[in-house]
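We just call them A, B, C and D in the order they show up, numbering each chain from 1.
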Amino acid sequence: MTENSYIHLTDMPLEADKVTALVSNSSQGGVVVFTGNVRDRTKGKKVLRLEYQAYQPMAISEMEKIRQKVLAQWPQSQIAIHHRVGTLQIGEAAVIIAVSTPHRAQAFKACELAIDTLKEQVPIWKKEIFEDGEVWVAAHP
Amino acid sequence: MKLQVLLFGITRDIVGKSMLELDYRGPSDIQSFKEMLKDKYPEMSNLSHFKIAINQEFAREDSQLQEGDEIALIPPVSGG
Amino acid sequence: MTENSYIHLTDMPLEADKVTALVSNSSQGGVVVFTGNVRDRTKGKKVLRLEYQAYQPMAISEMEKIRQKVLAQWPQSQIAIHHRVGTLQIGEAAVIIAVSTPHRAQAFKACELAIDTLKEQVPIWKKEIFEDGEVWVAAHP
Amino acid sequence: MKLQVLLFGITRDIVGKSMLELDYRGPSDIQSFKEMLKDKYPEMSNLSHFKIAINQEFAREDSQLQEGDEIALIPPVSGG
């Protein structure tokens, strides 16, 4: 699976405008963009920063599968998924998903399906760094 | 069979390296392979779960390991 | 009803980054942004440009009501609604709504509720300009 | 009573100006006021519908017009 501009895994800051532009054209009326940002606390505990690790080729392949699933279910849609890896500071975007469709209700549905599926299936892991330790999120029950 | 197993997230920390080279002599089904890993690295039993990827695809119940496959351990993902 | 930065009616181009930033902070994990763009055709007919007219004070008041409705239903959410008026070229954004919530499913629901309500209740009107005439959208059955 | 009626969208085009000054002598309920407008401007009957706003709020079924109110005609909206 080769990476294309619609599917992008990068250690550089994500740019919402760029992701949005990939799916915007003059025949799509509505664009829905989801941005997942790094939060400053988990269960009340202060997070200093996060580290994202990916199984890169498989992560790209799984993100492309999500894209193809959306395109199959909504044939007139366009979708782009950009995900960050490496060290992220609080407030930075970890993922941006942009979906455009002729009718807006579909764009909301498709964008939500995409992020829900990404969080379940794409081999990317985040480690939260606290003042007194670090934890791989979701690793333990 | 000789297997190279890619490690990510917590499994990389448990094993202490990013790739494990194994001369695996057990049955080639996924369940047996996972049991062997849990025996060898008891901390893996404490995980919520972990999956196996073969050649960058999630292994299915009936998948079989073959020499030369790209194997990876996939602990619970947390992207997004 | 006075205008604030969360509710904005302007004849200048909308900026998605600016609207998004209004609701982004380090304790909100997810931001959903809806952008409604001017389409190049209506029922197969080529649109040259659009003209948006608003009953300004009431439009702002109705947009603020939508904001308050979302804040009441999702007390931890943040929402900004920016709408354009005047002459818009094809592909330009007519409306941008950004919603952040601690949990992403709520942001999708709240953003969709906001744009659906806006399209039903906010006194703004658009006229489509064609090569051979112009039409106030939705005016006639 | 003397009323100033703000016009927008298609109603502005129908009337040909953005504000209508009326010396309205009919009943002060919304329905009667709308009927008077449709009589005076028959094209308004062709609209999908139109609503009345009083002081920047949508009028309700039982709203009554009063001299000095800010009245506006609200044809079908199409923002977004």
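Convention: contacts are C-beta pairs under 8 Å (C-beta built on N, C-alpha and C of every residue); 3 or more make two chains touch, one makes a residue touch a chain.
What you are looking at is a predicted structure, and each value in this text was computed from that prediction instead of being measured.
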Check your understanding: Any chains in contact with both chain C and chain D?
Key -> none
Study note, to complete from the structure: For the pair chain B and chain D, the C-alpha centroid-to-centroid distance in angstrom is 72
Practice item. Give, as an integer number of Å, the spacing between the C-alpha centres of chain C and chain A. Key: 24
Practice item. Give, as an integer number of Å, the spacing between the C-alpha centres of chain C and chain B. Key: 48
Review point. Taking each residue of chain B in turn, which ones touch at least two of the other chains?
Key: none
Check your understanding: Which positions in chain C touch two or more other chains at once?
Key -> 36, 115
Review point. Each pair of chains that touch: what are they?
Key: A-B, A-C, C-D
Practice item. Mind listing the chain A positions that touch chain C in their complex? Key: 16-17, 20, 24-41, 90-91, 104-105, 107-108, 111-112, 115
Review point. Along chain B, where are the residues that touch chain A in the complex?
Key: 6, 8-10, 12-13, 46-48, 53, 56-58, 72, 74-80
Practice item. Using the touch definition up top, name the residues of chain C that touch chain D in the complex. Key: 1, 36, 52-55, 57-59, 61, 83, 94-95, 115, 118-127, 136-141
